[in-house]
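The structures considered in this document are given below.
In the two complexes that follow, subunit A is the common piece, with subunit B as its partner first and subunit C second.
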Partner chain A sequence: MSETAMLHNSLLVGALLFGIGLIGFISRRNMIVMFLCAEMMLQGVSVSLVAWGRFHDNWGGQMLVIFILTVAACEAAIALGLILMLFQRSGRLDIAAWQDLREDSVPAYVDREIVEVREENKLWPKLTPSGIEPPVDPEEIMHREHV
Partner chain B sequence: MSQSQIYFGAAAMILSAVGMWLMLPRGNAPGRWIGVLCGLASLVLYAGLGMDMQSAGVEWLYGILAVTVVVSAAAAVTFRNPVYCALWFALSLLGTAGLFMVQGAQFLGIATVVVYAGAILVTFLFVLMLAQPEGHAYYDRVSWEGMLSATAGAVLVGVLTMAVTVSLNPPIEPQVVSAIEKFIPPGADAPRLTAQSIQKAHLAKIDDGKFELVLDLKPYATLPETEEAALKQHLVTNVPRLSDHKATAEQLKLIINRTPIQLNPSDNDRKANILTDQHVARLGGELFGSHLVAIEVGGTLLLIALVGAIAIVAHDRPKKPASDAPHLATGSTTKGTSRHV
Partner chain C sequence: MDTLLILIPALPLAGAILVALFGRQLKELSHLPIAVAIGTSCVLSLFLLNEVNQKATDPARPANAVGYEHTVTLWTWADLPDVYQPPAPLGANQPEGTATPSPAARDYSFDIGVTLRADPLTCIMLSMVTFVSTLVTIYGAGYMHGDRGYWRFFAYIGLFVFSMTMLVSVSNFVLLYVFWEAVGACSYLLVGFWYEKPSAAAAGKKAFLVNRVGDFGFALALFLIWSNYGTLNFHDTTITNTVTQVSETTMGVLGQMRLADPALFVGGGAAMAICLLLTLGACGKSAQFPLHVWLPDAMEGPTPVSALIHAATMVTAGVYMVTRCTPLFVASAGVPAFHLGDYPVDAGDVVAIIGGFTALFAGLIAMTQHDLKRVLAYSTISQLGYMFLGVGTGTMAAIVAGMFHLITHAFFKSLLFLGAGSVMHAMGGIIDMRKFSGLRHLMPVTCLTFLVGCLALSGAPPFSGFFSKDDILGAVHDKAHHAAELGHTMRGNLYSSLYWVGMIAAILTAFYTFRGFFLTFMGPEKIPAEAGHHAHESPRMMTVPLMILSVFAAFIGGVFFFWHGFADFLRRTPSLAFKPVADTFVAHAEPHWDVMLTSSFGALLGIGIAAYLYLGKNTEAKFLAERLGPLYRLSYNKFYIDEIYNALFVLPTWLLAKLSYVLDQNVIDGLVNLVGWIPRFGGRLLRSLQTGMVQFYALAMVLGLLVLIAALVIRPGG
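Right after this comes the complex of A and B.
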């Protein structure tokens, strides 16, 4: 009974991890957060696989998780390369900047309103100013909206 | 799966959908803390759907780790600042590694910490710091279709949970079990079967008023075939569901499986195989024995990914920053969006 219970609970945790990752992958717009969510879904699957392997007294589950780790490492390398390249082209991590890749029939996504930044949203670390203020690059100001 | 478990699962599903939707970035809309409360309530309900593990030490450890994993995963998805997202994800990974350890997969626990938390996550943070020094972009404070995605995720989890609960709990009818416990065979002076010897007791109504009872007995339970007729008579009068319908012994079809197939390995099997003391040695033997080709393919995949990543990053940079820039979502606050690096 105890082994069945452990399998049951692990499948529960795995399903929750997978579902949370799915929600994040669909709804977040930051490309890096999207990739974190994809990794989270892989973790959910890994938890389930290890639990099944233990339940059936079989090493296959752990083997599969090792290969999941391998593929996740590859995926991370490619994903970070892609993100860096996309960032260099658009200057943002926003996935909506690449909506030109959508199909013809899909209407363009338009941000209905820009969320104003409130004071409490600006959680900046408080650094003591020191030295002379360096000359500001105008291009830099355009790019970094809040610094 | 009992009626109460279905209600439990449905309530957990709805609460988690509402909670995730409220927690996701929705501009400056209020209600985030209500979402946190809904999420915690759904977590409690999901925990109620889990099964009792019947060994106190592991139970507490497992529970704490599972709650850590799920809560920090939800936080990783819902925090506005991507740096915090990455840090919460790291905590979630550590919890997952702990779960692996509890289940006896020690190597995988360590490998998860080293590979994920040590390498992948640090690289993510590096890219994050490189690419987004401001950390407060407006697109982190809005999300696509928060309600729809939360509903989709919650329904998926709810359906998976119910499917798991149904398939791992063999149906046991309490009425039948308590009736069988009182059954005294003719000629004997004490009940022969106890509740512990029953693995499955599924009573179903089939057409034209007939009933079918599938009874799986554990191997050590004894019920001679000569006593089956008496048991049938006893059940018809003592199980409320049958006596309410005034069912006769002829209308009840009794199917008894005396030795249910033992699919699950015993604890001793596990100690000799997957929970062995020489975990890494056995794992390595398995990996390089049965899965040698797969290992080679995995290594090649890593190499190709490395080459591909370098090729992507070192590929020709955009020549003209302004005209090459893609069409941006209108309404962006970012003005000089194309920065030639």
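Right after this comes the complex of A and C.
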């Protein structure tokens, strides 16, 4: 495979990663998913950087990617911490629960129809129990579906 | 002499400061510092008068001196050397191509020293001002008793006396202007003394605004004097350079050097303009037509103020100023301000015409007024007109007569005003003559002293007004006679008509004065309800000044007339010892028996008519008023001058102000509001984008990125 074709392929992969991440970021409301999508966009950029670095035969691209990975790791820690905080406050992972920065005159976005919860979605993921089960307040709205 | 000259204004100022600072603590004793200070000033003025008289009439004085003057410089107020290069040497009266440059050809320096002067004119004014002020202050202590602003009143009076004494004793035009304004400010403060009363506040404002017109002319005259003479000092100033020890002398406008040589005065159009502008200034301050409208309204102030400021002292400042500037008027003689037929009317003639016309005009108005103080106010305007007629006529006899009338008028008019104040005090503030009458038994002292004042004002022999008024009329008559002899027919006609105008005004004076007297003190006793328990003779504090003044009002004219010292003293003022004026002096002139006879007859005629109309049943006056309907209404409404000024000046100004207000509110503010409204409108448009939805923001970023990429791709030449 020639260097040019390799560059093309790599750039195509990077662009795909970036595009998928972008679409996911815009279309999903689950904060964790949005975060993953943002990461995916970052990786798309990283792939194209590596591709260009190889194409031009210098290490600048790779070096930059190492930096990005480091920064992304820190940023992931902060972002997940933030998401955890937000979840604890509202009990939801829905980003639409946080619209407080809008103008007073703009109406809040409210879901026009709540999608009916299907039986099979009520299944909780089975995890190996460990430690002490946290106390759950039955009054709290804990609908986790479709987020 | 220096100490005297400085102390005379300084004492009232010190008193005023004391009362202004501690008036709240002094309360009912506030009049004491002021009365003591002004009284001491009065005594010092008499000392100064005596000393100046001795020095001025000393036969051992150098023969070449023009009059007598003594100056003392306290400190230098402004000293700006060589500030202005005159465009051309003072050419009007200089011979062409003189080898040595004349002193006036130097660059002009603006040096103004706080310099006081003592000369006969100043001394006479100082003595008169401080004497009347002392009596008015004592009277005021009784009149203002119990007023809330008691100490404020006396602080203002002290400030006024300081300003007035400075006005007559400063020795340059700038300080003359400063104190000219200062007395105007005191007048404003005192006219509006009862500022809660809207009419008093309005009257103060009117006095101030009308005076601005005159002061504007005065200021322009000062500018012209400076640019033509290169100095504003009256006296010659000598500056010795400390390094080179060379002395430089600058000729003062009215200094000895210039007065010695009439050719050093500026002539031509500039002189005429200076004199006319000075006349405008004098007309404003001395309430001459057409700027007389403020004085009757100024009667809203407390009556002692009317007596002091608006009868005796401040309003005579214009006469003083014209007298002081006599050489300037002489220098402009023969330069036509306008032509009457083929006769060129010069600035002095203009002053005389204004004076004569005002004397008659104000007399006509005074005939029908119902307010006693307003009658006296119009009478003051009329008498000031006589003084203007005198100083405008410009011969030595006429100017001395004008000053003579100024002195006698100060005494009898302040007496009349204080008498009217006494009536007002007893009647509980009512001064409308329709509401009271027959007060002769109620207030005998006021009645008698008022009668003396009336006789003096109407010119009945042998009271003082008779002599001074006759002196003016006689001098005018002489001038007309001389002009006719020299073949100046038009000038002769002008002055003989002014003489007859003065004579008719004298009859009117006698009529309106005694109309006021008869309506107030004669007839059935009638007391308005407002008088209450006040309806009795005024306290001694008020009647004693009345008695003192009535003695002076009765006799001072005769004393001055038969003792020739007054004219002999006054003519040694530098401005009047100026050769063209001094040449017209006639020692021991024959009294004008014909003029005296005519005017005595006129005075008796006026008194007789008043007695016929207003004594007894008082029905003829009403009948006459009805028969002369339009003429009566014209006089009663003051010839509609106020209404004309309202329509000509006040209304357009008001409309302009209204227009400016509307423009400001709508157009100017509208523009400003528009500028403020644009970002608000933009913000409102963009506000709907702030949804708070993260996805929406992300989408906006993507779209923006797409736009950037598109721009990069389709960029021309990209």
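Everything that follows uses one rule, which is that the second predicted complex is superposed on the first by the 113 of 147 C-alpha atoms of A that agree within 3 Å, B and C clash if a C-alpha of one lies under 4 Å from a C-alpha of the other, contacts with A are read in each partner's own complex, and residues count from 1 in each chain.
As a convention for this text, a residue touches a chain if its C-beta (ideal position, glycine included) is under 8 Å from a C-beta of that chain, and two chains touch if they have at least 3 such contacts.
Fair warning: this is a prediction, and the values are worked out from it, not measured in the lab.
Peer 1: Putting subunit B and subunit C onto subunit A via the overlay, clash or fit?
Peer 2: Overlaying the two complexes on subunit A (C-alpha atoms) leaves subunit C and subunit B fitting together cleanly.
Peer 1: Applying the document's definition of touch, where does A:S10 land relative to subunit B and subunit C: first, second, both, or neither?
Peer 2: Only subunit B is touched by A:S10; subunit C is not.
Peer 1: Would you check which partner chain A:G91 touches, where first means subunit B only, second means subunit C only, and both and neither mean what they say?
Peer 2: first
Peer 1: Which partner does A:V45 reach: the first (subunit B), the second (subunit C), both, or neither?
Peer 2: neither
Peer 1: Is A:M34 touching anything from subunit B or subunit C once the two structures are fitted on A? First, second, both or neither.
Peer 2: In the superposition, A:M34 contacts subunit C only.
Peer 1: For A:L22 in the superposed arrangement: first (subunit B), second (subunit C), both or neither?
Peer 2: Both partners, subunit B and subunit C.
Peer 1: Going by the touch definition up top, name the partner, subunit B or subunit C, that contacts more of subunit A.
Peer 2: Counting residues of subunit A touched by each partner, the higher count goes to B.
Peer 1: Considering only touches as defined above, state whether A:E103 meets subunit B (first), subunit C (second), both or neither.
Peer 2: Only subunit C is touched by A:E103; subunit B is not.
Peer 1: Between subunit B and subunit C, what is the shortest CA distance in the superposition, whole Å?
Peer 2: 7
Peer 1: Would you please give the residues of subunit A that touch subunit B in one complex and also touch subunit C in the other complex?
Peer 2: 22, 26-27, 29, 96, 98-100, 108-109.
Peer 1: If we count contacts the way the header does, which residues on subunit B are in touch with subunit A in the complex?
Peer 2: For this pair, the touching residues of subunit B are 16, 20, 24-25, 27-28, 46, 49-55, 58, 62, 66, 69-70, 73-74, 76-78, 80-82, 85-86, 89, 92-93, 96, 99-100, 103-105, 107-108, 111-112, 115-116, 119-120, 123-124, 127-128, 130-134, 136-146, 148-150, 152-154, 156-157, 160-161, 164-165, 168, 264-265, 267, 269-270, 273-275, 282-283, 286-287, 290-291, 294, 298, 301-302, 304-306, 308-310, 312-313, 315, 317-318, 324-339, 341.
Peer 1: Over in the complex, which subunit A residues touch subunit B? Could you list them?
Peer 2: Residues 1-13, 15-24, 26-30, 32-33, 35-37, 39-40, 43, 46-47, 50-51, 53-59, 62-63, 65-67, 69-78, 80-85, 87-94, 96-100, 108-118, 121-123, 139, 142-147 of subunit A touch subunit B in their complex.
Peer 1: In the complex formed with subunit C, which residues of subunit A make contact?
Peer 2: Per the touch definition, subunit A meets subunit C at residues 22, 25-27, 29, 34, 95-96, 98-103, 105-106, 108-109.
Peer 1: For subunit C, which residues are in contact with subunit A within the complex?
Peer 2: Residue positions touching the partner: 687-688, 690-695, 698-699, 702.
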